[in-house]
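In the two assemblies presented below, chain A is common to both, partnered first by chain B and then by chain C.
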Partner chain A sequence: MRVTLAVARDLLVEALQRRWILALWLAITAAVIVLAMALRMEVVDGALAATRLFGHAVRHDIRSAEGAMQPVFQAVAYVIFYGGVFFGVLACADFGAELFSPGRIEHLLALPIRRWQLLLGTYIGVITLSVVGALYGAGAFTVLLSVKSGVWTVRPIVAALLASVTFSAIYGAMLASALFVRSAAVAAAVGGMLLVLGIIAGYRDDLAPLFNAGISRATFLAATALLPRVSQIANAAADLASSHAVDFPRLARSLFGLEAFGLGSLAVGMWQFERKDF
Partner chain B sequence: MRQTGLAIEVSGLHKSYRSLIGAAQVALRGVDLRVPRGTAFGLIGQNGAGKTSFLKTLLGVVRPSAGSVRVLGGDPEEPAVRRRIGYLPERLHLPAALDGIGFLTSVARLKGVRVAAQELRDAAHRVGLSNDATRLIGTYSKGMKQRLALAAALLGAPDLLVLDEPTDGVDPLGRADIRVILAEERARGATIFLNSHLLSETERICDRIGVLARGQLVREGPLSELSGETDAYRCRFAMPAPVDPLVSLGFTPGEEAGVFRVRAACAETLNAKLDAARSRGALLVDLRRDVRDLEEVLAAAMQGAA
Partner chain C sequence: MRGIYWLVAAGTLIGGGGWLMTQGDAGAAAHERDELAFPTHQRANDLERETVRRTLAPLDTAAAAKDAVTHDPLLVALPPDADTALVFEAGTILRAPVGQAMLACVSAEDRAHMERSVIDPSKSWLDLADRVAFASSPAGELVAVQGKLDAIDITKLAPDAVVHTYGTSAKVYDVAADDARPELHVGVWSGSLVLTSHTRGLVLAALDRLDSGGSAKLAFDEREAYGEIYGVIGQADLERLAPPELRERVHDVAAHAEVHVDAIEEVLLVMDVEGSDAKQVEDLGKSLGAALAVGRLEAKREGEDALVRLMDQSRVRLYGDRRLRAEVAVPTDIMTRSMRGCGK
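Let's turn to the complex of A and B:
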């Protein structure tokens, strides 16, 4: 485990030097600071009496702060979920391609490391990066909104962690793809495609009736059967963040399927890695 | 300090690369090789001869299609064996976002070598990177990357150094520095396995040579043996040289006017023959051992393999 964690640690050290990752930290921090200065909320006896954004009054009825914050937390959860996964796909696409690039992989494989340790260490490093990013982004916005509104909750943070779990499955497939084709563009394309197909797969029951009964519908259902239900998890994350009812058994099934997909992809990657000459 | 036993033991090594379209590409065809510990072994051959494939099988980076490879008495895929190997790959792609010391730290950690910060600075200093060790690798020249990778290979005082074109991109003075480092490593007892296109470099560093041609080891042995007779000398006499008297003394005319070859088992015999030549009016202007350089050894081996 020591070697695996050393690989993960090296990846994080390298990641922190990257412009993409630094840009994300700066963007999140700048957004939080701007919002902290621009947003004013007046809460009287637990009710949101007035809201001003950039000095302009936001019209709304006087109602409980908790109720008023629900759509805000919901919107934040969606932005963090889809924005975070999309950014993760773009920013982390080249980690695998870099690792397996000619001249680097030979050097790494000649060190006292087993191949699976190298792959697992890379995976753990990227997932750690995504979890830290999610916690930082969601944590900062949640604390800010909680301080302003007086509504304290950790639900948006839990929702952001669901985004990280979703990304972990998508990244498993991206990393595996980099072992077949050593290209950051291909890995990004695989990640982007899985994100889009995962959104469609989450609505497969609603979309299936749009296809003619028979071969078309069966093909659609078969094609989406093994895909992660990204949109189902995003909706559950948003519901969780906004304190709406969550269908936990359904969420658990989606998460199980998601992890099965991610770990399955990683297993295919390991199989390819073990048999590949560099 | 010389060590006993074999550093590398390869028998019946075959390697072919599968292809989705077309026939498999055969890189190695039944290579047998034994390299004693403490040797500086140079592998030479033309492009595509299979040298890099051979090197990579020694490290477990490429898996043999058939045959066996043992390095330092064990399986090269075993981390315990690899921990005792330092490798410098031909193609280098170092993480541009790390600085020199950061990269060495990472390699030391992955090798399981405990080194103090000062030792890492010393390692950088040894390869001539004292002033650049804290610069980002992305700003390094090719030669500097090569030096840094050599420093990484030397971490942990490995028993075997596998070096693929170690002086590629390095300036002439840097090459001399690298030769000194490799001599020091050898004196420490390390085995050196070198693959270089620079035959003069190989000649200076190695005492044992292998010639690989079309995936087969066509020549292998001590450099002195492959380079030719050790009792033959090449003499150049001032013009006009007295040909007949020299021939009568056992000198054989060479390829150029004034150049003769002579055999002498020892220094006394050689000097006696030269004295006799001088007494017949021949004036010696140049004397050297009549050995083939590696270029000639390689050319002869390639002709033999054709």
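Let's turn to the complex of A and C:
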């Protein structure tokens, strides 16, 4: 395990030197600072009475601050979820391709590291990166909005962690794809496709009636059965962030299924890794 | 064959994961919320109900003009200068949970007294009343009941009443004052409307308006007749109804309010308050919003989840000049809790 974690640590060190990651960190920090300076909220006895953004009054209802902040936290959760997963797909697409690049992979395989440790370490490193990013982004926005509105909650942060779990499943398939085609573009395409197909899969029950009963509907249901339910988890994350009721047993099934998909994809990659001669 | 066990593991994980996710599939339904439908405007069924109730045609134009403006007799009966005029859809409310709880508060003796006045023993007094209205004007107060009231014998309710015929289709019952109660005057119009007041002039004026087919001026616009409770509340009554901590501010700011209540499931109140000073109205809105927020916090502290859910959708909205709209939701259970003891 120590070897696996060492691989993950090396990946994190490498990631910190990348412009993509630095740009993300700067973008989140800048957005929080701008919002901190531009947003003014007037809270009277726990009711949000007025909001000003960049000096302009934002017209809204006078209601309990907690109730008024629900749609804000919901919107933040959606932005962090889809934005985070999308950015993760783009920013982490070339980790796999670089890992298996000629020269580097031979060097790594010459070290006392097993192949599965190398693959799992890379996977854990990327997932750690996404968790840290989610915590930083969601944490900063949540603290800012909580300070301004007086509504303290950790729910948007939990929602952001759900985005990380979702990304982990998609990244498992991206990393596996790098073992078949060593290309950052292909890995990004696999990630992007899984993100879009995952949104569709989350609504498969609603979309299925659009297909003719019979072969076409059965094909659609079969094709989407194994895909991660990205939109379903995104909706649950938004509900969680905005303090709405969440069906936790259903969410747990989706999350376990999602993680099984990620690890299964990683196992496919491992199968290919074991067969491959470098 | 190298690494075949990874392939087996992959198949098992992806297949098992797919099966698990299929168990959790719910589509958009899992994301749907119960948004409360506050009575903020006239809906199709309200419009249909209002149209059916516009049965009163002005006498001078009815014969000549086919498109003469017709009116709702109950609204015509209410004093046009009323500060407060509230109509209760009794027939609907009494069948709703909140109405059932209210009925439990009527004593058995009072019920028996009311039932004795019904001529047809197969009918209950409660089945006859469609709407009940209360109006308070400078001349006095008036209560109007609309329904199939020809089945009620007023003389059984007030045996010592003196009966007069009035106008074209009305009777007036005058009950003299005694030591226990002040004088009472009851007008019955066309067997469908009973008007009661301590001021005889109010009853007669209402009958005159009804006989003339109504006028353009009503206590409130007929298009505002939606919800299960609707009407206007004057400043004095608003102050009386306000929470103690807000009474002074309501007295200083609010001129009058329009009210609409949906009482079918939860009790959903929409109150449009109008004042004379925009800044003061805004401050009143903030105070009301704060009162709602404090109520929500208390409900949360006491674990009243249903109330918290409804309070989350309660709000105060400023609109136009010098106007604010309060939308407040209260669970029926909370409304009826204090009434349950009546049934014992």
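Just so it is clear, the second predicted complex is superposed on the first by the 278 of 278 C-alpha atoms of A that agree within 3 Å, B and C clash if a C-alpha of one lies under 4 Å from a C-alpha of the other, contacts with A are read in each partner's own complex, and residues count from 1 in each chain.
Here is the rule we use: a contact is a pair of C-beta atoms (placed from the backbone, for glycine too) under 8 Å apart; a residue touches a chain by one contact, two chains touch by 3 or more.
This one's a predicted model, so the numbers in the text were calculated from it and none came from an experiment.
> Mind checking chain B and chain C on superposed chain A, clash or fit?
Partners fit side by side after overlay.
> Could you tell me if A:Glu14 is touching chain B, chain C, both of them or neither one (first, second, both, neither)?
first
> In the superposed model, does chain B or chain C contact more residues of chain A?
Looking at chain A, the partner in contact with more of its residues is C.
> Could you read off the angle at the CA centre of chain A, spanning the centres of chain B and chain C, to the nearest 10°?
180
> Just to be sure I read the superposition right, which of the two partners does A:Trp271 touch: chain B = first, chain C = second, or both, or neither?
second
> Output check: A:Val3 vs chain B and chain C. Expected answer is one of first, second, both, neither. What do you get?
A:Val3 contacts chain B only, not chain C.
> Once the structures are superposed on A, label A:Tyr203 by its partner contacts, choosing first (chain B), second (chain C), both or neither.
second
> For A:Pro102, decide between first (touching chain B), second (touching chain C), both and neither.
first
> Would you check which partner chain A:Asp61 touches, where first means chain B only, second means chain C only, and both and neither mean what they say?
The second partner, chain C, only.
> After superposing the two complexes on chain A, what is the shortest C-alpha distance between chain B and chain C, in Å?
11 Å.
> Report, in rising order, the residues of chain A that make contact with chain B in one complex and with chain C in the other.
Shared contact residues on chain A: 275.
> Mind listing the chain A positions that touch chain B in their complex?
Within the complex, chain A touches chain B at residues 2-3, 6-7, 9-10, 13-14, 17-18, 98, 101-114, 275, 277-278.
> Going by the contact rule at the top, pick out the chain C residues touching chain A in the complex.
2-4, 6-7, 9-31, 33, 285-294, 296-297, 311-318
> Under the touch definition given earlier, write down the residues of chain B that touch chain A in their complex.
17, 56, 59-63, 79-80, 82-83, 85, 87, 89, 91-95, 97-98, 102, 106-107, 109-112, 136, 149, 152, 162
> Help me check something: in the complex, which residues belonging to chain A touch chain C?
It is residues 44-49, 61-67, 70, 201-206, 225-229, 232, 235-236, 239, 244, 247, 249-254, 256-261, 263-265, 267-268, 270-271, 273-275 of chain A that touch chain C.
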